[in-house]
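The two complexes that follow have chain A in common; it is paired with chain B in the first and with chain C in the second.
Presenting the complex of A and B:
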């Protein structure tokens, strides 16, 4: 690979790559507004027909609601456990905390299909197949690395003497956490929560394995939509999901611009 | 109790980690261990499933296809990601922010949405074929979907943002003044890049390659939707073994092989770079 680092050519090529990343996603938007009966760009004019179909469809609405509920519950678990864990690792700074931090990254590394196989077997034994509890717990485990990483990063900029000062002024352990530590970690907790939510909201492989009649999340509905009847409703859902992603990313991107970079 | 915990800060900190550790052990590591034990107990105890893999040409072909597609996609994605990361690291802060956003947005857009977008573009009556036919560049639509090409395009699309972020994270640590110094000593831009910047960015290239290759061999959704059952990759095949033929022994053995490959590669890359940093930057 020989790349000529010319001032002009290289950025242009980089923009071409970025266009390759963005264009397919952008194309979904006009297709969702198509006036045709099938998946295609609009021909005569724009139409909201498929958006109507989407919002009028009980299946899609149930799926949307389920994904929202599961996502929020999994996020709550992952963020509370993850934040406490990151603080614990930061306070301990010993061999054990290094081990815990390494173990927590494992769900990011092991292919989800492997986890899904094991989960199916274990859930079959304890009767959690096709249950919301089961999906929420699995998603919380998959999402856990993100708050641990983001809160851990926020802690590198947090001065431990603030905690000592609060203690010296008579604050209890709980007061230190609530009034000093957590407020200082707000940005890290927020981006951890966003990442955790997206992990659950977007998760398909585990759900495909452990869900039956009851659990029908949005990714599962999109999956069966793509495989069974490919119609423009899916383009409308896809557009909706892109909009949600953009909204969720605004605080994250703003944070990354202002947050001091680690050297 | 509070007093004794205060005297032992390590123990107290362990209590903070407890909820996360319990969640991970019970809902993650127990199932993972179950896969491993199933692979040596189903249908009967022993290493039969692994011995069977040695003669199973079907499974071997799928492993090879998986490795081939992941490797090709990794090389392309690292090349493209390098271009973006280099443009970011050498650009103005403004360009860096805009490019960063352009990388992060597709990264966080649902993989199902992105795969669906490629179906729209690549299918027989899709946007690319219609466009090419309207422009009279081709007469008959090209078969891009439900083939290895389709899987490759979708996989590369998924990998480029990860490659770009990992590479950027490493390149940020390279002192840009070294290039200036090389230029000042009379090196041309290409020469300065090849002899100074490229060697310094090699650890990043290695880390990014291994990380996205590891991810790639486990992809399920992209090959399942863009391969259309014709181009099977390992993760989808494992799924099929369980859902259609209910062959738990072979399925879990292949899953264990998949994890083993991933862990070996991860170990190799941990010798080269600090993995936690590479993950933190994605």
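Presenting the complex of A and C:
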């Protein structure tokens, strides 16, 4: 019976860690259904009042729309550029491609505050402050490492002879890419896209630096909401953010279970 | 299919270096139109690089590749119209068998009806009719090989290139598919260029074989000629098995023959380097007779002691120590006239035309 306590300790520890990770997220769900006038757990019963406030409020709806639009646009740019970059590096397989791959990861490594400060100075010069183009480009740059990494991983299982075979059969460079290379990297491209979207969807720091009157993404709206009028609508928004993120991640979670068999 | 005789494929002084190593070193070859031609060599000999230069995937550093009178060297792979069966087949996993076979027709802009009809016909010729809607993953290795063949032939290429086409299959299946490949080649009459490291495959399928070694052609010719008359130690050793006798040659009284001295003496037919002097002879183990008594009337006979034997189904291989060195002898196992025992005293004998004088290119 000496091993028994040890055996019980590990699962307990695992559950504690899991709860520590999940609890702050889960907590906002009941708070969003509160019947009180302030951020607190429901007292007498559940209420959809704050959800009504959220969907009735033009500010929140505009912020939701902006976040979705910016997220989708930034994802499209990051995935196109990242996929092509990964394929290019994979085809070249030399010192330069290794350098390019390392440079692409810079937005991931540099602290976001530093990155945002740099962006602010540059954007001020070129007149991109408080513009959708500016935010989309900044988010695309922040998201770029993810598709490069996921497509790069998919390429390690991709037989270069498939491209040779396609060319041998008479396909042009574009046909090789469209009919053979990209379809076989589908899983990597999809998970890269999801990560890229999530990066933009909950990005705050850069937006705080470069956005002004026009750009109000959801995280920025929450930020100013917390400082101005702290009502439980914030909890409803947070729940929505979590739900969208989880929905986006479902394909990745399913993919990670089946991918090794497919390769 | 075109009625005219397929054009010959010419390699003219083709070279390729990776870093400072010449993987292919000034190779010139004429591959006759409509022939089954094999590039045979050990791994790392440069045979695959040669094939990749013919296919257009590797640009030669020197020399040219020509088809008939046309210089193909500057033509990119996708414009050469050469079919290719890749090692491991390289079937597109995201497409069905039918889509794989029809790929070349699709990128050439043919309509769906014609594409499907031609893909189906090509699959029929490799006995895979009805497999159009399966995915490559659902097929066995032999079936995948046939899909790769159908895919490479459906657009009626000028030349078909095969890179170790059967190496991924087990022995029994390989033999069946060797015969099938050969049969397809005869039927359509196209030029097939096949890279292989398997000498049985090359011998059984080819009209001509070029033996590749260290980026150069060691010897080129018809299979039986290469097997019976190897020019060098390397070829005699690589193609089948050989005993080698190193010694001296002196003129003999008999016309067309030379006398050899290598710990013993005997007669050998004069070969290309027929002058007297130091020489190397190659002798196939299957061309040596073994007996317990001294044979009469044979100009080449050696006494020896059996050091070991192994049973290999159709043949028995024995090792015999002789004054000329250790020799390997192979005798048919069925109703063998002789059953070797270790330490047994025996006599080996062979005819003068059984041995071949070869150049000594041992590294």
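FYI, the second predicted complex is superposed on the first by the 254 of 263 C-alpha atoms of A that agree within 3 Å, B and C clash if a C-alpha of one lies under 4 Å from a C-alpha of the other, contacts with A are read in each partner's own complex, and residues count from 1 in each chain.
We take it that a contact is a pair of C-beta atoms (placed from the backbone, for glycine too) under 8 Å apart; a residue touches a chain by one contact, two chains touch by 3 or more.
Note that the structure is a prediction, hence the values are computed from the model and not measured.
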Would you mind checking whether chain B and chain C clash or fit side by side on chain A after the superposition? fit
A:161 in the overlay: touching chain B, chain C, both, or neither? Say first, second, both or neither. second
Which partner does A:14 reach: the first (chain B), the second (chain C), both, or neither? first
May I ask you to decide whether A:31 touches chain B, chain C, both, or neither, giving the answer as first, second, both or neither? first
Taking the superposition as given, does A:187 touch the first partner, chain B, the second, chain C, both, or neither? neither
Looking at A:74, would you say it contacts chain B, chain C, both, or neither? Reply first, second, both or neither. neither
For chain A, which side has the bigger count of touched residues, chain B or chain C? B
Closest pair of CA atoms, one in chain B and one in chain C, after superposing: how far apart in Å? 6
Show me the residue ranges of chain C that touch chain A in the complex, using the header's touch definition. 55, 57, 76-84, 86-88, 90-94, 103-104, 106-108, 151-152, 155
Complex contact set, residues of chain A against chain B: 1-6, 10-11, 13-15, 17-18, 20-22, 24-25, 27-28, 31, 39-41, 77, 80-82, 84-85, 87-89, 91-92, 94, 96-97, 100-122, 137-138, 140-142, 144, 148-149, 153, 198, 201-202, 204-205, 208-209, 219, 222-223, 226-227, 230, 234-235, 238, 241-242, 245-246, 248-249, 252-253, 256-257, 261-263
Spell out the residues on chain B that touch chain A in their complex, using ranges where they run on. 9-10, 12-17, 19-21, 23-24, 27-35, 38, 79-84, 86-88, 90-91, 95, 97, 99-106, 108-121, 125, 127, 130, 157, 160-161, 172-173, 189-190, 192-194, 197, 214, 217-218, 220-221, 225, 235, 238-239, 242, 248, 251-252, 255-256, 258-259, 262, 266, 275-277, 279-280
Residue numbers on chain A that touch chain C, as the complex places them: 159, 161-162, 164-172, 175, 179-180, 183-184, 186
